[in-house]
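Each of the next two complexes has chain A plus one more chain, namely chain B in the first and chain C in the second.
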Partner chain A sequence: MIVQLLIYSFIAGTQVLILALGLFTIYSVSKVQHLALGGIAAAVAYAFYFASHDAALPLWGLIAVPLLVAILLGIISFWLNESFTKRQEYLLALLVSFSFGVALEAIISIVFGTDGKSLISGVSSVVSYGDYQIPLSGIFIIGFGAICALISLFVVKFTSFGRTLKAIAENSFSATSIGINERKIRLIIYIAVCIVAGGIGILSGLNTALTPMMGFNLIIMAFIALLVGGVTDVRGTIIASYIVALVPEFIVGIVPNISSNWKMVLVFLIAFVVLIVKPEGLIANKQRKA
Partner chain B sequence: MNKKSIVIAVVAIIVVVLLVVFGGGTKSPVSGQTVKIGVIGPMSGDAAAYGQELQKVVSYRIAQINAKAGPNDPKFEAIYEDGKCSGNDSVNAFQKLTTIDGVKIILGGFCSSETMPISSLANENKILIISPASSNPKIEGSGSFVFTLSYSDKKIAEDLAKEMSVYKKVAIITEQNDYNIGVRDAFLEAIKNYPNVQVVSNETFAKGSSDLRSLLEKVKVTQPEAVLLNPNGGTTAETLLRQIAEVKNWSGYKLYGQFSYIPDNIRSSVGTFTEGMTIIDAPTLSDPEFIKLRDDIVAIKGGKLDSLGSYYTASTLDGIDIITGLISKLGNDSEKVGRALSTEQFKGFIGDISFSGKNFVKLNISGKYIIEDGKAVLQK
Partner chain C sequence: MGYLYTQIARFFETSMLSVGVHITTSIAGIFFFGFPVAFSFGAYALVILIKNGFTLWIAFIITILLSVLLGLIFSLLYRRLSNDGFAVFTFASVLAFDSLIKSWDSLTGGVLGISGISRPSFARTLVALVILQGILAICVFIFEYTLLQSPFGRALRAHNESKIFLDATGIPASGIGSFAITLAVVLSALAGILAIWRIQFLDPSFGGIAILLQILTIGILAMKPKVSGLILSVLCIVLLPEILRFFPFPSSIMGHLRILFYSVLLIVLVKQLSTRYTSKKRFI
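So, the complex of A and B:
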């Protein structure tokens, strides 16, 4: 049972991780907590549903429609947040971003209705190994997470674009002064992160079901993971994502006869304890103080 | 004109005036007026299918009543508000109907989660609410302005407990929702009457959850011989079923369910997995007049009435008939209509309707269905 619970928790943790990494990346280059990512993930997943069920498009349509929606939402996100980033009004940016996410979920409800939608018909395929099993959609989620992590690492470590990102993250004023076009870099990051968030939205929908609010719980967990892990080191975000997903899932999974509603209470307790003990998060880069 | 004539004339005028104001033979107290009736149901959300079907039945019946109305009869207008099977939304709907629309009598809420939170408001504000479907046993004792035409979940839970008492180890999986919690609590109480039965797993999941695999793993390891699925209707009920069907190394148990699993579309995604599943719900009604009426509604309004099923379609029609009948007779007066509801007897499609001072209609019926060839077949 424990191994099986670990498998399910790992899938849940990977979904949180991918959104948390998106939050981390956008925060690094703009200092904005882009909480609309949950709504964006849901909107792209519903675009996929539209392409596959309502419009019944062939494969190119299943790729193109959600991709276009993700790119469009990335551009809108950039446009909404950029002026606040320039004026360093990060709290306002957070509020605008959160409202944008809520608005997206409302639009989904209006267009598609609030009753859930199933992306697949029939029972999901599973891969069994002895007494254990993993849903095929879960394998896709873990694979998608691994690919995203590898590409991110490669870009950051081995490309000039990665070095540019690091320069902006460490000191955006200096980066601008040496001729880096911050605006363009941020636009690319917003679009890329929205595409990845959309990808995880589709995979989450395949794994369970689509609901307009599907992104809300995920983004709240991802945001808590970002705070618990520390906003300056990606390793903290990775560890915290799995902690906030695994520990509650595991406790609720083992203790008999308790409601799954306790998961969010446990997430809050973890965040509370960690942030009291280490307000800067689990792993924090030492910042030079003036 | 002498004094006597003047007195006679004055008395005659007073009599005429009194006859005009209070008389009028069979003339309704709300003659010629259009009376607004509020309707609260889940028009959106997981249980939207119920609300949308409720709306079809109500609009059809109101149109029929208005069409048959004579010149002295009142006309009725239904004002629909979305309770989303949620307490907050139901309270908002109630406030809007009573303060903005001036409604005094409401058909609804549909879900227990809608009806229970507005019960105290209804009593405080003397607004009459008649639910066609709320079944949580806690509705009993909700005050003199609250009525429900549903059977109580207590009866359903007792019958489920009786059916499952042939097993030694049973499990129940419940969605965190007033209706489902009501069924769960009544089931756990009823199963105590069977000392040989042990509830090995009693799991509850958050409303609208879509990932239930860890919870199912927890139930699986307790090795129940029978599992009672107790979600609210719609996608959550379907998702729960799909994720159970997905567990390949879990077998040797029998599935039980309540009304959420009556609609065929909820079970169709898992193929033959639910064959033999036992469902306890209200009985299917076979009154030919009702069947014809239901078919007419489907023919004119389109779609289906599968989610409501025959009982709730009938209870909705009865609710509208009773409300409009009493308003025509007594006026749009929630106190008078409430008193009449509480004391009088009515003929309805669900049978003889009487409340006798209670909140629940007097009923002691349920239906047992077994899934055969993908259909929920009522057992004789």
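So, the complex of A and C:
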């Protein structure tokens, strides 16, 4: 039972981690907490649902439609937040991002209704290994996470774009002064993160029904992981993503008479305790103040 | 006439909620997203206490004390977290509280909610309730006006400008912020109590993102520290979506249209008005 819980927790943690890393990247280059990312994930998942069910498009359509929606929403997010990033009004950017996410979810509710939509017909497939079962969607999530991690690692370590990205994250003023076009870099990051978030939206739709509010539930877990881990160090985000997935999964799995609805409450309580004790997160870079 | 009274009651309830957002977000510059939690908390606490045999006044006093405690918990978070971390975490509290209400069904009635909530004897009819809400809303507006004219009001404005400067003048910025948050939570809980006496039915949809959007829009529209501006903003924001009723939209999408309206309005307001009201930053 414990191994089975660990498998589920690992899948849930990977899902949280991918979104949290997206938030971390956007935060690194723009200092904006992009709350709309959950709404974007939901919108891309619904675009996939439209392409596969309502329009019944062939494979190219199943790839192109969600991709176009993700790119478009990435550009809109960038356009909405960029002026605040320039003026260093990060809280106003957060407010606009939150409103954009809510607007997306309202549009989804109006167009598709609030009832759950299933991307696959029937029960989702599972892969059995001895006594243990792994949902097929979980394998896709882990695979997607591994591909994203490898691409990110390659880009950051071995390309000039990665070095530019690190320069902006370190000091955007200095980066601009040596001729780096940080506006263009931010636009690329917004689009890339929206595509990845959309991928997670689609993959989570393979496991559970799509609902307009699914985005906020996804993104809040990722935000909590980001805050608990510490917004300055990616290692903290990785550890915290698995903690916020693992601990509630275990409590709900082991303690009798606790429904899975309690998971969000448990995550919040864990985060509350951690942040009261360590407000800068589990792992935080030491910064020297003048 | 019922529709008119309902709209007036909504105006008064939103006014009390908005005083909280005006003090915290508009004036002190604290991005606090936990209003729906306080709003629901006030309503649930009062109803549960009365259901468990407490008299109205005892239940009311306990509810206010509990909401002060809730405000202090939020204040503790405010003291510990960064500004954006606090905003995100208080937003997470809205979803966590919603999950708590849905999960703890033995206490809260779960998704089915609590029905048959009776109004107090002194506000048995809707008209009497509207009068009571009106009196309380006027008291709250007078209180806010007095507060803004006092040294505390000036400290709140200074908090928005520079916390370091406020600390340098000997006024603890964290104390000012904590007081503003606690006050906002208590006012939101009070608004929740008044709203539940009007609706007489309580379920998890009572407080939520729609309310948060509505009052944040009011907060951004009433950025200036003036009570008259706040009253006008509340009037506009409460009544504007009522125009949607004159269009032949299906009733199933009316709520979502209202949310879409508020969210788009909030984006436009923040984009257009923020530069006029926020303090100019000088870059060297």
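General remarks:
We take it that the second predicted complex is superposed on the first by the 290 of 290 C-alpha atoms of A that agree within 3 Å, B and C clash if a C-alpha of one lies under 4 Å from a C-alpha of the other, contacts with A are read in each partner's own complex, and residues count from 1 in each chain.
One rule holds in what follows: a residue touches a chain if its C-beta (ideal position, glycine included) is under 8 Å from a C-beta of that chain, and two chains touch if they have at least 3 such contacts.
Everything numeric here is computed off the predicted structure, so don't read it as measured data.
The superposition on chain A brings chain B into a clash with chain C. Once the two complexes are overlaid on the shared chain, A:Ile224 sits against chain C while remaining clear of chain B. With both structures placed on the common chain, the touch criterion links A:Asn171 to neither chain B nor chain C.
After overlaying the two complexes on the shared chain, residue contacts for A:Asn181 are found with neither chain B nor chain C. In the superposed pair of complexes, A:Leu91 makes contact with chain C only, with no contact to chain B.
Look at A:Ser259: by the touch rule set out above, it reaches both chain B and chain C. In the superposition on chain A, A:Lys117 contacts chain B only, with no contact to chain C. By the document's definition of touching, neither partner reaches A:Thr159: not chain B, not chain C. Contacts of A:Ser128 after superposition on the shared chain: chain B is touched, whereas chain C is not. Using the contact criterion defined above for the overlaid structures, shared-chain residue A:Ser109 touches chain B and also reaches chain C.
The contact surfaces that chain B and chain C form on chain A in the two complexes overlap at residues 109, 113, 259, 261, 263.
Residues of chain A that touch chain B in their complex: 1, 4-5, 8-9, 12, 109, 113-118, 121-124, 126, 128, 131, 133, 135, 207-209, 211, 213-214, 249, 252-254, 256-261, 263. The part of chain C that touches chain A in the complex is made up of residues 29, 31, 33, 76-77, 80-85, 87-89, 91-93, 95-96, 99-100, 102-103, 209, 213, 216, 220, 252-253, 256-257, 259-260, 262-264, 266-267, 270-271, 274-275, 278, 281. Chain B contributes residues 44-49, 84, 176, 201-206, 208-211, 213-215, 217-218, 220-222, 234-236, 238-239, 242-243, 245-249, 269-271, 273 to its touches with chain A in the complex. Remark: chain A residues 33, 35, 80, 83-84, 87-92, 94-96, 98-100, 102-103, 105-107, 109-110, 113, 216-217, 220, 223-224, 227, 231, 259, 261-265, 267-268, 271-272, 275-276, 279 touch chain C in the complex.
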